[in-house]
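Note sheet for the following structure.
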Amino acid sequence: MAVAVFAVTLFGAGLLRFGAQPAAAPIAGPAAAVPARHAVAAAPAAQPDGCAKPNRTIQLYAVELAKDPVTKQVRLGYGLAAKSASYPGPTIEMTEGECLAITLHNNVSSATLQSLRGNSAHPLAVSLHAHGVKYTASSDGTMENKSYVAPGGQRTYFWYAKPRDPTTGAQGTAGYWWYHDHMVGGPHGTAGMSSGLFGALIVRRQGDVKPARTYVTAFGDRQSINLRRGAATDTCAATKPVAGPTCLIAKPGERIEFVVIGIGNDVHTFHLHGHSWADTRTGTLDGTDKSLVNSVAVIDNKTLGPGDSFGLQIIAGDSVGPGNWMLHCHMQFHSDQGMSTMLHVLNADGTVAPHSADHAP
Amino acid sequence: MAVAVFAVTLFGAGLLRFGAQPAAAPIAGPAAAVPARHAVAAAPAAQPDGCAKPNRTIQLYAVELAKDPVTKQVRLGYGLAAKSASYPGPTIEMTEGECLAITLHNNVSSATLQSLRGNSAHPLAVSLHAHGVKYTASSDGTMENKSYVAPGGQRTYFWYAKPRDPTTGAQGTAGYWWYHDHMVGGPHGTAGMSSGLFGALIVRRQGDVKPARTYVTAFGDRQSINLRRGAATDTCAATKPVAGPTCLIAKPGERIEFVVIGIGNDVHTFHLHGHSWADTRTGTLDGTDKSLVNSVAVIDNKTLGPGDSFGLQIIAGDSVGPGNWMLHCHMQFHSDQGMSTMLHVLNADGTVAPHSADHAP
Amino acid sequence: MAVAVFAVTLFGAGLLRFGAQPAAAPIAGPAAAVPARHAVAAAPAAQPDGCAKPNRTIQLYAVELAKDPVTKQVRLGYGLAAKSASYPGPTIEMTEGECLAITLHNNVSSATLQSLRGNSAHPLAVSLHAHGVKYTASSDGTMENKSYVAPGGQRTYFWYAKPRDPTTGAQGTAGYWWYHDHMVGGPHGTAGMSSGLFGALIVRRQGDVKPARTYVTAFGDRQSINLRRGAATDTCAATKPVAGPTCLIAKPGERIEFVVIGIGNDVHTFHLHGHSWADTRTGTLDGTDKSLVNSVAVIDNKTLGPGDSFGLQIIAGDSVGPGNWMLHCHMQFHSDQGMSTMLHVLNADGTVAPHSADHAP
């Protein structure tokens, strides 16, 4: 909070918009192994235009988690508390018009960051880079803009969910986005993302219908969904299943939403059995304009490259009923290697129909 | 027919929607080499909600064809009769509101299916999985839902082309979809699709304009169009050419349509010389709303990943006249290796302009 | 000019539309090493329907440039004059309704073309193939249609920026397109494009808002932007920077546009920090129709395959202010290898904020 207030006071709304960068000031935290050319540490984050006071402040922790049980790779995660860190990180929701201040605490050790970087001149740090929302350069989360956090340090980022401007027609920021590290391993955060430093960011428009459940499916390297594959993508119990990133369940008739994210080095496709959606901002189309209704494609498979994100809302089991509906990448060798899970539309008694682990490799 | 009627009688519309799965019952056919955990064979297919009685019933045969003349790979095909099986299979057209019952007959031998599977525990079977339309779990065509057909057996699948709900605005199922096997080789049907078990599925909206000709171009592995490449993609005779998957012809001014399908393990692009289309459900935009007209992109190249399908309607030769218009993947090494054919817009006398086989590798 | 007039006189508008190809006639230029089956050289280009007289005529030169400083690869470029040839070539702008005659002069030597081809039977020539606009077969720029230019020769191509037909609703040609060679190296022009023979083609609709600046970013092989990568993608001076393909600058509040092109053998994504755009024809959405506004997705990352092109207009620094905003492919190993540059939104005094070359590999 201290940092957020500090930033609000010194670098209020609009001040930086077309002005100069504020003088760089040291951030809290131990003196990390920052090379000479990065010796001046990142400036406190400033607020984007229109974001005079944050409507909300959250704490976010970057934490080292247990290694991947199969590959033994380092796993990092973001959490609203250090002990709840996970991959994907918490889904952050905003509504257009809102300004969110996020104080990122870097709990990842220098030793771990060192093990992940390729170039010894690269700073040891984590950061927070958001897609879609508005932020000034000092909330960019990049090495270029010196907006990162050394081990043990913290930094407050400001995200503005700018609404559509009804006068000029300038776009709003409502959408299905994501946030991720842009520092671990190299200047593009490649190792940070592949280790787990990513999560979904949803910006809703005022009046948007809210779904009953939201699931995040990030398609990444090693043919993984949320960095897991095969049996590990689906850990639902047959009775009293607990919803989560590896247990996708819904009651028939519930409105559920998926945020689909592409990370890594490959192209994937999101395919869901038995369900389809409009290829629009939300997967739905509530209008009655004949020309628009006729023009919009309805799809059940969508290709995404790294960096892409999209969302879709469906009515679980609509016209198809309960069942174990496969959700997989349609790149065949990907699904064959385990890039596949299931949406379990529950039976009337709340149970999951018997299912196999045959989507495992 | 017997199976279809049986299903209609016992598992009428809506019955299964939110209810339990019907008890599994053996299907017709010889006792195939189904491993123990799959010993209980698939249940008869049930009908999706709103699909009380099929409007139409068709028979579909999965058949082994002559091996690929170049690669000597196994080739399978679907056909409305066993002797007319082909790859792609027959294009199936529906109109929103219609319910189609398809009885799939598996004429592929156990020996052939065995030669294609990687894992000896995987059932020897073919299936029918559709994109876009509605079906209950028992028409899903997956191992998971035990909706497959052993050699010599048959099974009836029900597809419902659900219309848009004018009250709720829920999406209809009109679109350019495809159907394919989901069982041959493994639980994702990878070997079934790469052998030829796929075809186009078109769901039209009431009132949609119908084209004069429809062509299917499935982009697949080994840089193939409909599993062929180079000279084999274009077998048109110079005079009296016969239209088909390997002879794309049109009279000037005819409305023709392409269904473009992505299969396999790679991304491709569909590019057509001299013609472009709106990036909408049908490739056309019949409205006059200025904002919509101004917003929709017109394209002549579209990227697709496996599982994607889209369609487009064009007026052949519009503003450009007759000629040999290349149709190719714009991934350069793909087109250079023969992922290229031509749309021949005919001369006034019905002849094809002289053309080379230079699109061959 | 002589050739253009000749073509207009002999093969006027519409004449070829549904008629026969004109008899082939030799083009100017030395007798190149054209193999027997291509001995009859290309016919003069004819005009597409509706394009009775060109509104404008330009000269375009295909030229050999200095080899790539890093890879030592051959570099070719198009230029409005031979001495101004570059890669990308000049951005060509048209407005719907316009007919453009382009006389292409091939200044590339036979020896160079020979060094680039794989098959000794392939003609030594360059050509001009356009996306999106209308042209008859003789302006197609392909070997198939014999519409290429031997070394030392010239040829006039006709492009028609067909407007939307308000009566039939047939699509117009407004869009962000590109043009490229289709002959160097093989029948798909693979070596021509990878050497630099490409440029942007923008067709505007009557009444479209014009941006203050247009930048072309072609994503290609070897993880390059406009065939450059790393430090070579961004050569902006800190003070008085000169805008160009390797120096992307904008004053805050300026409307700028990007034309994004996919070339080569891989899929890429266009991602820009701090800015987003509507996924429409222009990246903007000026309407007020609630259903349309709610349906259109706003994005900041877009996947493109080879052959794809799209454009987007943004207000530089809108809500985010000046700064060094990264523009990169989000395919991680691509950005890590230098497929990354920056949009420098200038400070109030016109300077570029200090920035590193850390996007270099």
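By letter and in written order, the chains are A, B and C; residue numbering begins at 1 in each of them.
Methods note: a contact is a pair of C-beta atoms (placed from the backbone, for glycine too) under 8 Å apart; a residue touches a chain by one contact, two chains touch by 3 or more.
Not measured: the values here are computed from a predicted model.
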* Asked: Fitting the CA atoms of subunit A to subunit C, what rotation angle results, rounded to the nearest 5 degrees?
  -> 120
* To do: Indicate whether more than half of the residue numbers at the subunit A-subunit B interface occur in both copies; give same if so and different if not.
  => different
* Structure fact -> Distance between the CA centroids of subunit A and subunit B (whole Å) is 34
* Overlap residues in subunit B, where contacts from two or more other chains coincide -> 267, 278, 285-289, 292, 296, 303
* Asked: If you look only at subunit A, which of its residues touch subunit B in the complex?
  -> 252-253, 267-269, 271, 273-274, 276-278, 284-303, 315, 317-326, 328, 330-336, 340, 342, 347-348, 353, 355-356, 358-359
* Structure fact -> Within their complex, subunit C touches subunit B through residues 16-21, 37, 48-50, 129, 131-132, 134-137, 140, 142-145, 160, 162, 164, 166, 169-175, 177, 186-188, 190, 193-194, 205, 262-267, 278, 280-282, 285-289, 292, 296, 303-310
